[in-house]
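Two complexes come next, and they have one chain in common, chain A, joined by chain B in the first and chain C in the second.
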Partner chain A sequence: MTFDKEYFNIGYLDRLSYGDTVIHRLDPRSKVIATMIFVITVISYGKYQVIPLIPFLLFPVLLMTLSDTPVMLIVKKMLVVSPFAVFIGVFNPVFDNRAVALSDTVYISAGWLSFLSILIKFALTISAALLLIATTSFPGVCNALRRLGVPSLFTSQLLFLYRYIFVLMEEAMRIVRAKDLKSFGSRGTGVKVFAGLIGVLFIRTIERASRIYNAMLSRGFDGKMKTMKKSRLGVADAAFLAAVLLMVYLFRAYDIAGFLGGIIKY
Partner chain B sequence: MHMADALLSPAVGAAFGAGTLGAIAYCSKKLKENMDEKLIPLMGVLGAFIFAAQMINFTIPATGSSGHLGGGMILAIVLGPYAAFLVMASVLTVQAFFFADGGLLALGCNIWNLGAYPCFIAYPLIYKPLTRTNRSSGLLLFAALLSAVTGLQMGSFSVVVQTLLSGKSELPFNAFLLLMQPIHLGIGIVEGIITAGVIGYVRALRPELFESASSSRPLAAGISLKNVLIAFVILAAITGSALSWFASTYPDGLEWSIERVYGKTELPEQEHGIAATLKRLQEKTAFLPDYKFKKSEGGSKEKETSSPWPEVDTGTSLSGITGALIALGLIILIAIGIRTIRGSKPGTP
Partner chain C sequence: MSHHIVEFRDVCFSYPDNTPALDGISFRITHGESVGIVGANGAGKSTLLMHMNGYLLPSKGTVVIGDLELNKKTSRDVRKKIGLIFQNPDDQLFMPTVFDDVAFGPINLGLSEEKIRERVDEALRVVGCLPLKEKPPHHLSSGQKSAVAIASVIAMQPDILAMDEPASNLDPKSRRQLINLLKGFKHTKIIASHDLDLILEVCERCMVIKEGRIAADGFAEEILLNKVLLEENGLELPLSRQNIIYTRKGQDERVGKT
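And now, the complex of A and B:
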């Protein structure tokens, strides 16, 4: 059943984030900042630029290898989410069929170039986002966001949501399984049954919320979410951030690909 | 209809990111002003509820494709606009991190598109005034339908605007609009029906959840979804086959469910649909002006026609391409080097 698979997938990414490597040990804040810098730089390239984007692969590849994240996991996840960017980008070759010279004899239509650019940007930004969560636990990211100025009500909302995703998914899984056992073929897949299922899930959710609230009250909840874990920006974080900044700057300011190509030529 | 990083320009991404952050801060402030502590666990668990509910699929009548809950309207009705916006934002944030839906920079746009319109426009301006006095199930359905459709139409319009402002896509405004709005009309109608169904069901079982006690008469358990469906079928007939065609070929309805329900079997048909769309759009815009050829870095000659192999000179960008390939090779070498030095497990590819 695909439902179970999806459940497993989220859990898997979560489990990866509890690894203990150089990357995992960095302060979440430095990783959040580095990822944002990286994403913004990648996005800042013009729509026909393909070649200057290639060197940027270094960032996700380094993160992936240094953090022991399975390559296939990231690739698979990227393929699953690709529809929208690909769907919109694929129109570029249709509407933009001017030719661009790659070399003396090789021509390509500008639309394909911009489509390729979209695809590479997509791969870079999505892998950066996935790697951030694979190397940083979600609570860590929330904590980082809070300390970077996101309202605490929102970050505690994120933490709460995350904590109960697994619980409620299991709840939903039980409901769906019960429905499946009682219906055959395509019966019970319509909107009416669906609304009923969601309604049941909703009521169970509300009841759970009030139980949770009571449990929290009895443990001294005063409207604030507190975190025990302390994190500090250290030398490693400074070095990491400096390295990322330097890399991004070099790649943005200099034509690395052209330089490498030039070395070979002469 | 998750907006994607790759289609955004930094300016657009930053603008909507700032707008969304501002809205989050505003909502947090509003909620803190008269904080009901009970709301904290309720919001968190309801966010998880939306998540879980989105994993359950149903069949959309007349199209054969499957849909899932968006949830913005249900949240707004139960929690009010401020809390609902925060919950919606948190759901989208988790999706951006764990499913990489859209990406981090596009997150601002996505929260804006899917959260702000239902919570701050559709709910207070449409749903609330309509259901204030009369609480019949027909009116509930009408209000839910109208507000869900409005919210989604605005959201998808904003996707179009964001994409065009960013300038990464070549789709002309009209064609893009023509592509997005009808699909989201369909999605909105389904969302509205489900919202009404769920709210009706919950209100029948737990009327106290909808606090405003004024004239809340309990509904009969089975709200007349059959009539609704009949109306929907009629509506579908009116909007014509085009709509259902769009709804079944457009990937977004499937974006979430593609793996879950249909496996890979749906994909070929979808590609077929896209190809057909392309063709139709191409016919529509066949009068595109003759573009001048874009100059490449090497300074290529300007030519016309779309013939891909004109035999002209120049182009030093070849060295750029070889350079890129070398860079790629180097990156892979570095990765392999690190793996070998660290003696990584052979199991991981």
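And now, the complex of A and C:
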């Protein structure tokens, strides 16, 4: 069943974060900041700008190489969420049919440019986010966010989400399996049954939440999630941040693509 | 030492839907005792344990832990004294990594960073899980989860350990390790379980609960070998004390034939 397969897949990205490379060793905070700067710069480009976005591919490619992250994994995960981006932009060429000159003789509708721009921005931002998780681990990112000043209410929600998504999926998997064993052919697969299953899952979740809260109370929980600081910002982090800032600044301020194109031309 | 006492005085409790769960329970457990709580499903074992750290408060009667009478105000101090381990380790381990989870209690006790690391390492070493320190709980086996759940509680160094079905979901080897571990603890121990053999090995005293009341309270050796009493309460003799002559006899016969 695909559900089982998905379940085993979800932990994979997480396992990658156990790696030990230059990128993995950086303080999570510097990676979070760098990713944020990168993402904000990428989305700061205008609707019809395509060419200036291309050099930014360097960032995910470098991260991927330095952190030994398998390219196919990131590509696959991106494909999974790509429908969102595709549907946002797919009608642009139809509605935005102003003619734009690519060269003296080739004209296309402006919608194609904005569609392409959306797709590239999507690819850049999603791959950066995936790489952040793959090199930092989800809890690492949460801790970094908290230390950067995000209220602990949000970060602890995220931590619990991460911890219990696996438990919940297992629970859901058990319910679905039990249903499959007792439904023959198409019987017992209707919407009504499905609604019932969701209800069961919901009630089990509430019960579990109360047991978890009980466990937290028995260990002295007083409303604040406290965690220990595990990393310090060091020279490597400063260098990494400086490099990212410099790269982003150069790409944003100068026409790198045009410059490279110019070199090739002559 | 008189302050590691657990005392229930005529404790009654009903769930909000009026299901009666405890009906006048009284007992006193003194320092260093190890007590098994046995009873059929739904007899009130888990409810009883949840009264020990103030998660549930009695509708009648009092609970005294150490020198504190348990109520809303004292529950936080009581929780420092009593380490409660629940049945399902997935509920017990709620932090993203083993380290964070074991450190959760000590951090809330307000210990220094150095001290916290010491406690975490020490607790994980005791249960033999030190190599798992950086792992997320969903990559652990059931046995490892149970062991880490115990570590997360002993890292707080409670005076009293209370456990609900500690050996469920464990394979025989992990169960054996758990029993040895429990035997090694000098704490006051309270263990609710259907695993009567475990109780027999670990506990000196045993209480039988039936329909929210104490049906028997005495030496584990006596109670757990009293076939009539056990069967009256939905239990049976511990497997190790059931007649094993059948298998022996079968073997002897086979040996005789060949």
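In this section, the second predicted complex is superposed on the first by the 262 of 266 C-alpha atoms of A that agree within 3 Å, B and C clash if a C-alpha of one lies under 4 Å from a C-alpha of the other, contacts with A are read in each partner's own complex, and residues count from 1 in each chain.
The rule is simple: a contact is a pair of C-beta atoms (placed from the backbone, for glycine too) under 8 Å apart; a residue touches a chain by one contact, two chains touch by 3 or more.
What you are looking at is a predicted structure, and each value in this text was computed from that prediction instead of being measured.
Between chain B and chain C, whom does A:Ala238 touch in the aligned arrangement: first, second, both, or neither?
The answer is neither, since A:Ala238 touches no partner chain.
One more residue to check, A:Val191. First (chain B), second (chain C), both or neither?
first
Would you check which partner chain A:Ala178 touches, where first means chain B only, second means chain C only, and both and neither mean what they say?
neither
Is A:Leu168 touching the first partner chain B, the second partner chain C, both, or neither of them?
A:Leu168 contacts chain B only, not chain C.
Counting only touches as set out at the top, which of chain B and chain C does A:Leu148 meet: first, second, both, neither?
neither
Quick check on the superposed pair: does A:Gly220 touch chain B, chain C, both, or neither? Answer first, second, both or neither.
Second partner only, chain C.
May I ask you to decide whether A:Pro139 touches chain B, chain C, both, or neither, giving the answer as first, second, both or neither?
After superposition on chain A, A:Pro139 lies in contact with chain C alone.
Per the contact definition in the header, classify A:Leu250: touching chain B only (first), chain C only (second), both, or neither.
neither
So, does A:Phe160 touch the first partner chain B, the second partner chain C, both, or neither?
both
Counting touched residues of chain A, say whether chain B or chain C comes out ahead.
In the superposed model, B touches more residues of chain A.
Residues on chain A in contact with chain B in one complex and with chain C in the other?
Correct list for chain A: 138, 159-160, 162-164, 167, 208, 212, 216-217, 221-222.
State the interface residues of chain A toward chain C in the complex, per the touch definition above.
11, 14-15, 18, 137-139, 142, 159-160, 162-164, 166-167, 208, 211-212, 214-222, 226-229
Where on chain C is chain A touching in the complex?
50, 53, 55, 75-76, 79-80, 82-84, 86, 88, 90-92, 94-97, 100, 103-105, 107-109, 113, 116, 134, 136-139, 152-153, 156
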